[in-house]
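Chain nomenclature is as follows: A, B, C, D, E and F, assigned in order of appearance, with residue numbering initiated at 1 for each chain independently.
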Amino acid sequence: MVTNTEKLDAAVLEVFKNASTPSIATLLYKRGLRTNFVQGVSRLGGDRPNMVGQAFTLRYIPAREDLNQLEVFKDPEHPQRVAVETVPEGHVLVMDCRGDASAASAGGILAKRLEYRGCAGIVTDGGLRDTHEISKLRLPAYCAAASAPTNLTKHHAIDLNVPIGCGTAPVFPGDLVVGDADGVIIVPLHMASEIAAEIQDMEAFEAFVLDEVAKGSSIIGLYPPSAETRARFEACSKK
Amino acid sequence: MVTNTEKLDAAVLEVFKNASTPSIATLLYKRGLRTNFVQGVSRLGGDRPNMVGQAFTLRYIPAREDLNQLEVFKDPEHPQRVAVETVPEGHVLVMDCRGDASAASAGGILAKRLEYRGCAGIVTDGGLRDTHEISKLRLPAYCAAASAPTNLTKHHAIDLNVPIGCGTAPVFPGDLVVGDADGVIIVPLHMASEIAAEIQDMEAFEAFVLDEVAKGSSIIGLYPPSAETRARFEACSKK
Amino acid sequence: MVTNTEKLDAAVLEVFKNASTPSIATLLYKRGLRTNFVQGVSRLGGDRPNMVGQAFTLRYIPAREDLNQLEVFKDPEHPQRVAVETVPEGHVLVMDCRGDASAASAGGILAKRLEYRGCAGIVTDGGLRDTHEISKLRLPAYCAAASAPTNLTKHHAIDLNVPIGCGTAPVFPGDLVVGDADGVIIVPLHMASEIAAEIQDMEAFEAFVLDEVAKGSSIIGLYPPSAETRARFEACSKK
Amino acid sequence: MVTNTEKLDAAVLEVFKNASTPSIATLLYKRGLRTNFVQGVSRLGGDRPNMVGQAFTLRYIPAREDLNQLEVFKDPEHPQRVAVETVPEGHVLVMDCRGDASAASAGGILAKRLEYRGCAGIVTDGGLRDTHEISKLRLPAYCAAASAPTNLTKHHAIDLNVPIGCGTAPVFPGDLVVGDADGVIIVPLHMASEIAAEIQDMEAFEAFVLDEVAKGSSIIGLYPPSAETRARFEACSKK
Amino acid sequence: MVTNTEKLDAAVLEVFKNASTPSIATLLYKRGLRTNFVQGVSRLGGDRPNMVGQAFTLRYIPAREDLNQLEVFKDPEHPQRVAVETVPEGHVLVMDCRGDASAASAGGILAKRLEYRGCAGIVTDGGLRDTHEISKLRLPAYCAAASAPTNLTKHHAIDLNVPIGCGTAPVFPGDLVVGDADGVIIVPLHMASEIAAEIQDMEAFEAFVLDEVAKGSSIIGLYPPSAETRARFEACSKK
Amino acid sequence: MVTNTEKLDAAVLEVFKNASTPSIATLLYKRGLRTNFVQGVSRLGGDRPNMVGQAFTLRYIPAREDLNQLEVFKDPEHPQRVAVETVPEGHVLVMDCRGDASAASAGGILAKRLEYRGCAGIVTDGGLRDTHEISKLRLPAYCAAASAPTNLTKHHAIDLNVPIGCGTAPVFPGDLVVGDADGVIIVPLHMASEIAAEIQDMEAFEAFVLDEVAKGSSIIGLYPPSAETRARFEACSKK
């Protein structure tokens, strides 16, 4: 279990509260990263603020029937339960279910406990259960499907805070996890600050573009901007 | 066609109106049943009471073009139409489309007729059409996707009330079918009463747990409960 | 690039504003067409009027990394950008992403520009990004998934207004595209007028049927109608 | 269980021993049938004569753990075992596993027994086990994959000789089943004689075409034939 | 990295050289284990002796482009290369590629080195490259597909000898891995000896059954055996 | 239809006759190309020389029933037939079937004609029929599956020699196509010469490595080579 991951500055995290996953995806693309979007998950419940936090991971392997009786949860060392009690405040619990959503990886009680503990969100490429209850929490939650069966049915919790895959994205403990209406994206820890620095300008420019489009401007020469457009944007943003 | 399936007591059915599919899944798991959740279907429309009723089944095989012209519906013995007119009041119509949602298995008119006749719900691992209209009915309806093409395009109705598969779950006529926001689960007929007996305590305990979690309790020793927690719950529930 | 596709009469288009995709699917089925429903896409945002317009197509092939750097968008001839600026008013932009929704095929800025230009809707069997923003536009938009990565990640825009596949449906430039809550269906251009002529009666009859069902009528002899039912419907509709 | 299916003439069956599944597919296509090829199965073992026989069907539903203990095979009425002992000589045993090949639907011992009883072949859209042994039998066998787990793991044998789906093809008891290196195709019983009448000429013509192609002829005007080519073929075949 | 897994007796391993994966699957099924068959992999090359050995595992996560340049192989600690040099003699290298066969997990050079080092086989739910060369080795090799791209394209080697999933089967370091023509099955370490004890009788009985079937015996009362059959078998096997 | 694609030097083509697709994949990876391997296709028939030639493409869209009657083949301008008669000698016919192998894209007669005309091979991400006959030709043929149904069932031939996708790889007319036992890879035209220049050394080095491994060398320091190893290889190759 990785223990000493670097903590990101609160200011950096704050920037991502107003950054969209498409903008982040484009800045990762610029750096050659094409696979960091978590494929196939969607958010429970309606509109809410961005999910932003560093990753704390839980790895599942396929369940083996003799190892996954209901009694296992009585073990205080069961990794799923330990995860719920140890994910650091402000972190996102990211679970690797190998893309199998035919069983849950967590449910309403654990989600409520995570919310209480200040967890920043949960992401799983497996299922979640009690989705109606979870969707009413403030805690952002992303999963591949609602799925009533207990995790024991398919998933054996095995490791905490190791590098995992989630929805075909690589996730390292401490990576920045951002979620919005489009889904969840993973920003490698060492890229988070420089992307934060770039993204504010990018979001401002996109707002400017939307404004121009609303006024009837063609996108040619606007998005991406010609030198003239860029100058005009910069003039605007100085005001 | 199976005709004499045992009818469940109204009291048993009543219990399941307040039982969640995750709790049922766990009690089935305890009995060794891992595959009774209907995979891949979701509910049309928003929040509503649980769907609860015994299964009445309709089996489709793949359509063969020469047998599935629009005229077939003129036959008063067409199994889909017979199903709609004969599903007993309070039963759920469960359809086996072999997981193929590229065509509908029923639409708005049939759904409305089923509602009128007192049907408790419809479940299909194929498509439904007129989903906007169906979502406004009181009748709960679960499908794999909205799909405009008539069932004849892909599905040939062949059998009524035989054992089927639906969303990879085995379904026998008369089995108890329960649906909530997480999806649909099949309770084998002979297990329904004993699970009803167990589930009320389980739901009460989970409500107690949620309450404790809201107050800040750790889940370790709470869920599953230590002897002390269990005692405390029992003391509470006596009040 | 096909340039001279026949324009449909406004009156024909108008009819389809009140036609459902299931009814259209049935009339296509009657003519032997089983594959014109766009499989696997759903509408962003809530209830809204039907999407109706002729198809203007954009074809993507899989991206090749050396050809898809962010700079390509600076080319005023980039087919995606040209598509956005040239889709004729009242047409639907239909995109062929080979069913790969792991990247977007368009986003919020382009969607807003399309709305401004009077585009009748967008349909893609790939992803869309900025789905929250798009769902707030009046422009109807259908996609296989929300997906944050830029189209360059997976999709190379190659052709405008050639015949394509979208969601396993064949789409020819100029075909009529209709979308409602169930999804999107493609009406071959040369069939649009005759289907328009037939569908009004069909929708009226289905409304009559729903009414009868609401009053408690069995569907046997009603849907499809016996001679007596048909006569009764005709008597009603004359009033 | 259907019991009185019409038996095809030996002469008709004989014709199909020299007919290819592509030719049959084309003649079915001519009659509007597009879905009778069994998708996703392949033949065990190397080159061998065509499999030809009428269908005897076995339907599986998903296994339910409490109903599928190893003891069930002790029941002499277990449908899988009854199937093996009652499939009529010269018939093909066709199994519906809902396309799930993660467990076997039969193994080496049953295959050997079927061969001994004069069964014409086995086809399953599930798995087969002991594939090395089966591939050494004369009995043609087609499956979706080699799969070691016993059928009980996933498949509950439920019905004999009812209409089924196999590899997305509709199969009615008594339908003609033909298999070659390309796979398996289902000929509806009532079409078998007329297709037999047509296919001999078709195969003769294709042999003629191959001969012409070997001599350097273009396919334009040859395949399909111009009037001149057709005349030349007819002249040849009279010799 | 797990280091002290128990070594199985040579005598136990020897038994499995003559045991089939279907027989093992059945004995695991008897113990409640339904998921230990490695789904979706097949053997390269033709008939050969069973693969038998304990599991040594290699875990991959999805590749991240900045971490997977060709230079990484220069690192003598790269887990894939360390795996190849440290898998103990007689062990099977089992790789977890999350079922993604769009890139290789190993190729001809590593396979040849593994053969030289006395490795008992390789199993991956990803791809293998140089399959023609590997199929000519004595080393048994199982994969999901031939796949030319280097592992770096999709797979980032991360861990050695931790519990993994492979083809949806759970695999713990030290588990017994057996492969034959049907595929690969995982026997939990603690069950290996008792299954070895049972399987010899089972294989002998199946040989007896095949013999009886060859003589024309019905399977009813034979397989599974009636008391009479069992007695007869026991009499035979004493000779 | 693209007509003037550059022809590659015979010497360049010759080099690729002795190059493996894994080596090519690695050299493309070095240049940032990760998606040029044609996923999901395999070669018909046994061992044979590499397939090497420039791409001539045929694009299919989904079939529409009214446009795809058997008579269409009588049209001498039908794109599939034109493709067969116009693919230049030494070129590979690459077909885009959108990954749908449920129908054929070509069969034995067309394959034989292609062989006669000096075509270098066929590649399709759809099906092929008459696979037994095709596997006996010298013409290399790669497909996603054997599939008896005529192409008209699912595929409508629409375009010749335009950029396409095949098995998720981008293919431009004139690109170099190489196939071996592992599958098929696409080399962008402008990279073919420089990769040819690099690959001979690479193949020689891999042969040297295999030789060292056969003698018992560890792969550490060998593959990739340390400076010492590289020097030793260069000394060897000078001899």
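Here are a few things to note about the model shown:
What we mean here is this: a residue touches a chain if its C-beta (ideal position, glycine included) is under 8 Å from a C-beta of that chain, and two chains touch if they have at least 3 such contacts.
Note that the coordinates shown come from a computational prediction; the quantities given were computed from them, not determined experimentally.
Least step count on the touch graph, chain C to chain E: 2. Shared contact partners of chain B and chain C are A.
Among the other chains, B has the CA centre that is most remote from the centre of chain F. Counting the residue numbers that touch the partner chain, chain B and chain D have more than half of them in common. Averaged Cα coordinates give chain D a centre that lies 32 Å from the centre of chain F. Measuring from the averaged C-alpha position of chain A to that of chain E gives a distance of 36 Å.
Remark: chain C and chain D have CA centroids separated by 39 Å (rounded to whole angstrom).
The centroid of the Cα atoms in chain A and the matching centroid in chain D are 49 Å apart.
Residue positions of chain F touching 2 or more other chains: 32, 34, 168.
Across the assembly, chains come into contact as A-B, A-C, A-E, B-C, B-D, C-F, D-E, D-F, E-F. Only residues 31-36, 61-67, 98-100, 156, 158-159, 162-165, 168-171, 188 of chain C touch chain F when the two sit together in their complex.
On the chain D side of its complex with chain F, the touching residues are 20-22, 24-26, 29-30, 34, 37, 39-40, 42, 47, 168, 180-183, 185, 206, 209-210, 213-214, 216, 218-221, 223-224.
Against chain A, in their complex, chain C makes its touches with residues 70, 73-74, 76, 81, 84-85, 102, 104, 107-110, 112-113, 116, 129-132, 145-150, 152-153.
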